[in-house]
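Notes to accompany the following structure.
Naming follows writing order (A, B, C and D), and every chain is counted from residue 1.
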């Protein structure tokens, strides 16, 4: 897949999980190990302080520690795309400025949340942030969390004016995703990433430039193979790899939904899998989320074994 | 695409629009013309009395007239899949029985609506209907209208027990769509259709057996080419055809949203395009929907011309 | 409460439940008994074929039997307000015409459902139905079922033009309810009813003309006392009665939510209470809803005993 | 209304707006003037850094300036209830600790947001915050912003264990509001406040202890009269005052919804009214919200004049 528009960013850019030690502190050694695991798996970038990195749960001090640690571990090998996760414009600008100082190559910015915004405010939000920081910005479309859908029209306007360098789409709206791809495919340097782990083959077939897979923490090499197959035009192989990864993704359904929240289930499964793989030591979650238990870990280990990851 | 599980239904099965004359009556001649247009375009079945057929707006007499007319026009050339669209179980059974008597080869059944159901009731609903009618049943997953998502677990249970012969998915949830495909792909004779016009290439890449495209009223041959390319494993061609069809789909965005409802915009655009193509005479909508106007028709004609349909 | 605008309808108009015998047939004798129970409790009207009457679950034959039975049992003592429950305009007109022939004094009509309507279509819907039938029409605002909120602006326009004679509000939006009251209070003959059982005192304080309480099947006299106290300006007594009724309303929370749907819990509780009160013989629900079980019945009986209803 | 349970907080506690000067800075003099306006209107407390105070739009420095300014202006005359508005638990704890240091008598805490929480996490969230800070905490139920409803069960559990001292309810769910009132009315010292400006009379009739009205910025004395009438058992007077305040509330509907977001319309109207009343100089909003324009100001002035506020 030689992308005709020369995207600045493409490939597999997983949102890095944030391991904690049993006492709840950031596990710095574990975090470095995750970075090595990802880079040796062939990822083309690291998305730091994303939802999968538990960013809404981290204190400011913890956020700084995470970025600093990953930046040092990465040592410039791949681009660092860092979340500037705050409710509204001026707060995002302050957070983003800090992240750039700590080493971010690009920022990931959502629509305002805890706010009751309209489309004009969403557009003004991104424009003000870019004007203030003059850095590469990805718009992160995640209505399940912000409860605002970034419209295709707004995204295209921002893309055409160079306000954003790409979109990370976790909207679950495959129709608007395709329309965004069609509307931006001639914009030099622009990229569109899907955040949905189990439909990457179709997204790439439709022209997407890459994927930001939470599950990529567990199987970075699988996503890289999927991307490479699609880039080579071998979609049959891409689909086969995607089917296997969809089976791996079943780890997120192993937690007991009566006990574990939707937010904790997926992230807890990723951490638990990384423990099973020997990458980190502990599947501790941020307060107030609960940790996955032994029977859930056993189920996850079984899936990993079955899908060739153990 | 030789499907390994020998699906009983596959390919392109568009939901047939219901043309009306200027005075609001069912346009019987126009409906026959639409059927010819579709069959000569290569469709593999006809979905009668779907949402695109304005089924919720048709009186009982009109519904019977539509099915009878299409059945006569089709003359057995392709299977007739007919909507039995009623609020809950016993009403669906009565409606479905009538449709089978009028010529339906299979029925399309949604979850209950105007009801406050749980998963067990949804499952019992489909089981009761199948037990009463003993006919092929497609589960139609359309939460934008019923406000209930058919869960993968329920669909799989119904599929494994032979209660349903397939699913028509208009859920807009591509993640659960892929999981449904994976979970049912070994069930002999079962099929999964997508109802989303602009992501068919990706759906077929993931293993879907076909598409029920409203836009197929306008360009049945395009969807057939897309299906055939995917069936032959030529996904590059499929994606190219899909991109063109996504551009055709822009006709549904031409109506003025301050004047035309979401329901009327798409269906009105399909009818207006059929007028422009000379298939029917009038783009009249059911009460209380408004008809598209001249400027909207002009915009639609321009898109059709640009995409090779005029 | 001498209402300054002389509403044609006011007071307590409960939505009559539809008892079934153990084999699932409409329990005609039980239905007559419910009517006597309600009229001796002092209700000022009967709402037939409402959501609490399981209207979406009744076949056409059953709907006719219910209306005919209630009409005969009532024998003209109180007005019959009958639901004409169908998806869209022309179907409502056919259903409404039948109901008027069977004895309806007024019709209850929702916004279109299973449709994707806008405000203009909603308004046209009510206007077309009134023009066709020339009968008293209540707009029933129940977005939890139709997924469309009837706006204050639309309701006021319809009220001012005499298209609707009242609104039954089950929207759960107390802000718009108050605004509707303020905007319509000078319209001669118009009424606004709340459908929410536990906030009737506040609704009446704000100027509402009455209540359509599902729980009124169980305690019609309690709601009549509440209404009479408020009408006399004795809101302290009204609030005390409301508090007791709110405790009675706890019967709807006794069913096990893992087994019983939201729709079945409330209606099942009303029927089960009527069995405990000796009004009907059986708490059978319509297919596919499940019946409340013995332990749920025991819990309901305890609440009835505690609140003076046994 | 001598509340039987001796609530620690009761009456009228408006969420103080945050005026800005034309250049976008916090208007410290204006903020002090608002505090005087409110206290002379008879409010019984001040809710600082609420949604009406534009808290999600304020930088950390601005938040500190607002609290410090209000604390100084208040000079201990009424309790300061301060929002600790952050995404999740540990961030709320840090924010709350700072607010207590700056003078908060109590904190207002929402459920987690930008998170995908379950009920257990919501409960653990409040417990952890109270354990860490040992200060009076109001749970703020505002699902329109957090997209999580605080359940009655969770609120009652927290109330019974002394974790929260009260609830501020902006849920728009009047049924659960009444149930919360009934379930907590015997808990010594506990209070329930409604956040809905136009249904305060009914809320007080049902046993609420007070109101947190955004509109109280504009007419604090009106809300105080409403509260006092209800407290004296004179609900006819309370309802009459409420009707007038509901008319004042129409100022929030004057902005053009094609231009002004839902978030900006209400707050902009409050600020514009305060300018018309001569309390502040400028109706400037936080970035990225737009300011109300002259024609909107004219409409607001007309409503104020008509309702006796000019």
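In this section, a residue touches a chain if its C-beta (ideal position, glycine included) is under 8 Å from a C-beta of that chain, and two chains touch if they have at least 3 such contacts.
The UniProt protein names, listed by chain, are A, B, C, D = 4-hydroxy-tetrahydrodipicolinate synthase.
Fair warning: this is a prediction, and the values are worked out from it, not measured in the lab.
Farthest from chain C, judged by the mean position of CA atoms in each chain, is A.
These two copies of the sequence, chain B and chain C, are related by a rotation of 180 degrees on CA atoms, to the nearest 5. A straight line joining the Cα centres of chain A and chain B is 35 Å long. Taking each chain's centre as the mean of its C-alpha atoms, chain A lies 49 Å from chain C.
Multi-chain contact residues of chain C (touching two or more other chains): none found. A complete list of chain pairs in contact reads A-B, A-D, B-C, C-D.
Touching chain C in their complex are the following residues of chain B: 56-60, 85, 87-91, 94, 112-118, 120-122, 124-125, 128, 144-147, 259-264, 286-290. Residue ranges on chain D touching chain C, taken from their complex, read 172-175, 177-179, 182, 196-199, 201-203, 205-207, 233, 235-236, 238-239, 242-243, 246-247.
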